[in-house]
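Chain nomenclature is as follows: A, B, C and D, assigned in order of appearance, with residue numbering initiated at 1 for each chain independently.
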């Protein structure tokens, strides 16, 4: 199901020097890591920390990522990642993200990721019902 | 212009341990770095190394990345990145990638990136004609 | 000069999934990045943000790093980096770090880094006097 | 035992753009990852690939790293990592590294790492005898 008006969870942090590259800006792969940190913050805010999910024997394997780059972030800036769960299906989830300059609000990068639920052995499986309920999707 | 039958350049290397994550597989952001290494290998193979491009005062800023994940790569495996230039416009380029297990040929990840040509100050500019000629697109 | 009773600056954050490896723990190079983030937090806390330093044409090039690993950090944990300036010389600085589990206080990693002051061209130079004053070392 | 005249294993690769930082040079943590890749190459060259070690239920947990930085590596360069096993004890190993510019031979970084043998649960254990024999240390 597509989710109507899903909650947006925000997390804010400083750009790390290691995340920059020789162009003097944040390297494009760093934002992909920030999307993931946005998901982690989303899970913590929802009372569904991802490590609990793994402890229960389920894993979310990423199947698609798309990112569109607007304005580069720089070392010395703080960024905010805004994460929302955009879709829940029986075996998959999708998230949408916006990364903005925390001080100016300027959009740096937007994107989406899609994930399937897998067992420890990597076999696709249904999202546990208890989680779907807690995700507000059952 | 869309390029007909563009050359595919291959580069092969071992998965690094640092590129894995706690799921026991290669972390999804690592493939984005491998796409970039694919572009670097492409430039070297074409006699157009990207550092020459930067030395001339031009930079390729990434504007879009899309990746689709099929089978995870693992530490202990070798992967091959297959890179082709898929489109050349006056101010932008696009590349397409396949990352496969170098021994079995199984597809790990496919994807695309789009880039615009910018000056050192980050201002969009036309790709230098000499480069378009060398790219086979002028 | 060796600094007596230098201030310790703390910064706390969640372990990122991308920072783990296939051993299921935080990859050892991630702590080196956390040392750097500790230095950044130290500069911000002292009113000496490192980007101001670079904007003034000075750079701190790392010359030595040593890290000793005690207990691995895990995804799902928060860590605290404790950073102190341990030495100031005419052209160099040293920092010392402790990274602990933010909830239990258990030591994860301790270490030191040494840095020399260089110009944009990479030439060693004296630390600017204004900075030494602000560092409490002049 | 300290090893006399241990073999040095070399591996050579191009600097990746993602490994650079806003100072325009390779980020210092990247060399720590290259040390690890040096160890991997060493294991492969010796017929002792590290993934076999893990498959047998043993892990090498890093306990110390030291790196000394001489000349920065740059994007566009190739580097060679020279790795040798410097010490073997009942439960631990040490490696030494030199990373040089592959074309000029100039030293970029030298360093050492120390590792203890642990079980999957992280408990220190003796290096398996079969491995000590194959390491030339039993």
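Methods note: a residue touches a chain if its C-beta (ideal position, glycine included) is under 8 Å from a C-beta of that chain, and two chains touch if they have at least 3 such contacts.
Computed from a prediction, not measured in an experiment: that's the story for all the values here.
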item: Per Cα centroids, the chain farthest from chain A; value: D
item: Superposition of chain B upon chain C: rotation angle, C-alpha, nearest 5 degrees; value: 180
item: Whole-Å gap separating chain B and chain C, where each centre is the average of the chain's CA atoms; value: 33
item: Averaged-CA centre spacing for the pair chain C and chain A, given as whole angstrom; value: 28
item: Approximate Å spacing (C-alpha centroids) for the pair chain C, chain D; value: 24
item: Overlap residues in chain B, where contacts from two or more other chains coincide; value: 17-18, 22, 29, 33, 36, 74-75
item: Complex contacts: residues of chain B adjacent to chain A; value: 22-23, 28-29, 32-33, 36, 54, 59, 61-69, 72, 122
item: Residues on chain C engaged by chain B in the complex (per definition of touch); value: 17-18, 20-22, 24-25, 27, 29, 74-75
item: Contacting residues of chain A [partner chain C, same complex]; value: 13-14, 16-18, 33, 36-37, 40-41, 44, 49-51, 74-76
